[in-house]
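Before any comments, here is the structure.
Every chain is named by a letter (A, B, C and D) in the order it is written, and numbering of its residues begins at 1.
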Amino acid sequence: MTNLRLATAKECGRTVIPVDSVRVGEGFTVIAGPCTVESEKQTIETAVAVKKAGAHALRGGAFKPRSSPYAFQGLGLKGLQILKKAKAETGLPVVTEVIDSRDVFWVSEYADVLQIGARNMQNFSLLKEVGRSQRPVLLKRGMNSTIEEWLNCAEYILNEGNRQVILCERGIRTFEKYTRNTLDLSSVPVIKELSHLPIIVDPSHATGRASLIPALSLAAVAAGADGIIVEVDVCPEEALCDREQTLTPAQFADMMGKVRDLHRFMAVSS
Amino acid sequence: MTNLRLATAKECGRTVIPVDSVRVGEGFTVIAGPCTVESEKQTIETAVAVKKAGAHALRGGAFKPRSSPYAFQGLGLKGLQILKKAKAETGLPVVTEVIDSRDVFWVSEYADVLQIGARNMQNFSLLKEVGRSQRPVLLKRGMNSTIEEWLNCAEYILNEGNRQVILCERGIRTFEKYTRNTLDLSSVPVIKELSHLPIIVDPSHATGRASLIPALSLAAVAAGADGIIVEVDVCPEEALCDREQTLTPAQFADMMGKVRDLHRFMAVSS
Amino acid sequence: MTNLRLATAKECGRTVIPVDSVRVGEGFTVIAGPCTVESEKQTIETAVAVKKAGAHALRGGAFKPRSSPYAFQGLGLKGLQILKKAKAETGLPVVTEVIDSRDVFWVSEYADVLQIGARNMQNFSLLKEVGRSQRPVLLKRGMNSTIEEWLNCAEYILNEGNRQVILCERGIRTFEKYTRNTLDLSSVPVIKELSHLPIIVDPSHATGRASLIPALSLAAVAAGADGIIVEVDVCPEEALCDREQTLTPAQFADMMGKVRDLHRFMAVSS
Amino acid sequence: MTNLRLATAKECGRTVIPVDSVRVGEGFTVIAGPCTVESEKQTIETAVAVKKAGAHALRGGAFKPRSSPYAFQGLGLKGLQILKKAKAETGLPVVTEVIDSRDVFWVSEYADVLQIGARNMQNFSLLKEVGRSQRPVLLKRGMNSTIEEWLNCAEYILNEGNRQVILCERGIRTFEKYTRNTLDLSSVPVIKELSHLPIIVDPSHATGRASLIPALSLAAVAAGADGIIVEVDVCPEEALCDREQTLTPAQFADMMGKVRDLHRFMAVSS
């Protein structure tokens, strides 16, 4: 791992990334919202609910990289406009995925944080392009990627001049079938050892099961993560994707209380 | 997963397993000690140190299932006798591995808990034999085993009449190379959903790196685990195996304080 | 891989293992038969059929290591007696699994080759016990085992004085779901580089699909394997286990013709 | 796998893809050449050598998707121009990778077949773009991708109107460390069952070891593959990438003879 220009926090201090008034890497940042933007009503109601429960930012996909070309591919520009409205309504900054290097420039008009999805982690053209933008980037770990490869992908972004990279552990592919992927929580202390960048955890995609999300969110806090990103929807049962892994606003609010208390305890006791 | 005779805690309540005065499944149980019993001095000094730091039971291997036949295979009976002395000295009950169905009867004279190692998880003859003993069994998850297979192995033991099974998550084999295995902490809430049995976590074998153990032990507490099993040695740098993943007594004591505080907080706040 | 006492064929020549009149490691050895011995009729009829199609040895399980304790565990001694009758009828030597170190001695009365199953590859007590027997051993690769670990397990047997070890590649566990496991055919030339021992391939367990077996058996011949072991049953649709991966005698006979022709071609052309 | 528009060869016949005078899907197509285009001399000399040995097409990378941003990224346009010269010299059509959706149009001027690399298998924007081009596409399987996902990615291309897709198995990521990846040769008969598209095999990237390539190329022929793609370089020891897995022209010529003979034998005997 010799080429990591900005290897450890010991050498250069932890990086804190400002997103509007949120400071990722200080405190514990919670990003919540629907898997996919499906309608204005769904998105704004969800945004209002997660804001009320204490979330710091809104997630929601306008471009969905789906395994099959015949599956719903997202609302595109219309989805981004809805997210902008939701931000206007709630003040929550928007985290949304970009999947094509040609879209980075104009999507940045709507996104406060550009998300690189797991399937595109090694799409080096896209990495370079977000590296040339001014937006913070949420870089998901590829589901088959080693931590070293993931950090090298962060380097692709840093190397273009954009140092605002938030790493996101979202589970790796293993033989275990009960969960959708295997959340590799060890990556949290490993990243703290190897890098100055903040790391958040996505228990929704990692497990694929709503019932497991609270326990693993608390585990993420205790392991030292800088935040979580969670799927919440006002009507999970009507969602077009990821139904089984989506929390209701009530479940999310309940979990938020515990996450906040635990983080406060950890901050005091360490 | 239809054949699980004693599927969920909802149906039959959580199982609590008494080991001397320790009650596994109530509170948070910490088992600590050397990877391998190498000498009386090493074992007793380590036992005294972990007892002082608050451990509830002593671990230590007398039979070591090693990848190569030319590697140190453990002290056998002599190792068990040393563990017995360490128990006499400290009062800590002894957790030790058994690797041959022919040894179960006599090893039970020395062990308070019989450990089935990851490599033997599907050694069904051995499972049946410990199922016929009176001793609690610590059943490690095979490094390539699904949660369903692991629970089926517990069934092999339960089915012989021994209901005192403690499950132990110790990491699964993946492509990630920075850690020795990938700790699957999701298995903790999954087991809580599917089974009445207690589950503990082994961050030492899962990660293979001492520096990662404290963060993951705290994560295990937060995820709802019933305990941890950790490698501690008075002289890790002289240990014949698992050097890199072994804590010093001082590191262990420091971690114990945090684990205890966190568990107390979790107990109160839930 | 420094401890491999008998590392390469360059150093000590290829090992050929006589099993009655069959010489494993010379020519191409085909072992065929039912997954499990279920009745005398089924076993003998299958043995007669595979003999007629050109098989060199009969496989069949009397002890079945099953994931669940409630699944059929095999006929035990009665199964071994049936195998002995099938040998008397056809002259085919018998390959059968042993799963408990206490059984090695008496099972050797019935088995011409003792099979160590994938789940027991690292059951070191069992390995040592078959190492002390006079019988050739078929050592299956564990489904989560590296080639290096597998060779080390062969060493456990060799180290006890029994040099008659036949390695058997049977697929490893990966994320791919269409096949039961992933057949690692690279292990054939790798073993030829690293070891003097013969290696055969089990396409039945590796793929779990009868339709894929002929193509992969031919691939095994071309890759340089010393043989294959295949599940064949007179009534696959009535078999208690592994139905989907079992060939009918007619399918097997058809495949045998192609395998024989290909092996002859390879022998001439190289 | 319900959405696969053109599921099986039974329904629509096998697809044959013309590339100049080569017909992929008929006979056995061998694509060979350097990992990366490094100089005119290296590329043309290698092209001449593989042509002489019987290769049907030339491979060579001008854009290299490298794990680290500090590694050599390829010669870009200059590399493509060199490939064009090599084609003029030898008549071999050119297979080369495209990594950015913005490059598809102009790279098509230089490439006879557009390669989508393993890391970009699920780069859906890129898939759609090559789907709109007139060029045949070589679609490598992602190293963490199931066969179903891979076929769905082919659908992304077919769905845009380009039916000239050649699938390429190049190994999947597993725990095995002796080989770089695990060649999943089962995918060959699986693809023949599920799809009308031709499939070729890349033993170079799958194994990462030159010594294993001949055995696995022969295995690919025997398994029914439609071709192979192999790394050959006049000076493997000077190559900037993939040195260990690159054949010399002499090794390649020797292998080609065997591959040709075996394919001829298979064609006659089936």
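As a working rule, a contact is a pair of C-beta atoms (placed from the backbone, for glycine too) under 8 Å apart; a residue touches a chain by one contact, two chains touch by 3 or more.
This one's a predicted model, so the numbers in the text were calculated from it and none came from an experiment.
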item	value
Same vs different contact residues, chain A with chain D, by half of numbers used	same
Chain of greatest Cα-centre distance to chain B	D
Inter-chain centre distance, chain A versus chain B - centres from mean C-alpha coordinates, in Å	34
Geometric centre distance via CA averages, chain C-chain A, whole Å	48
Shared-contact residues (touching 2 or more other chains) in chain A	144, 148, 173-175
Graph class of chain-chain contacts, one of line, ring, star, complete, other	complete
Residue numbers on chain D that touch chain C, as the complex places them	144, 146-148, 172, 174-179, 182-186, 188-190, 192-193, 206-207, 211-212, 215-216, 218-224, 258, 261-262, 265-266, 269-270
Touch list for chain A against partner chain D, complex	3, 65-70, 99-102, 119-120, 122-126, 142-144, 148-149, 152, 155-156, 159, 173
Interfacial residue positions of chain D with respect to chain B in the complex	173-175
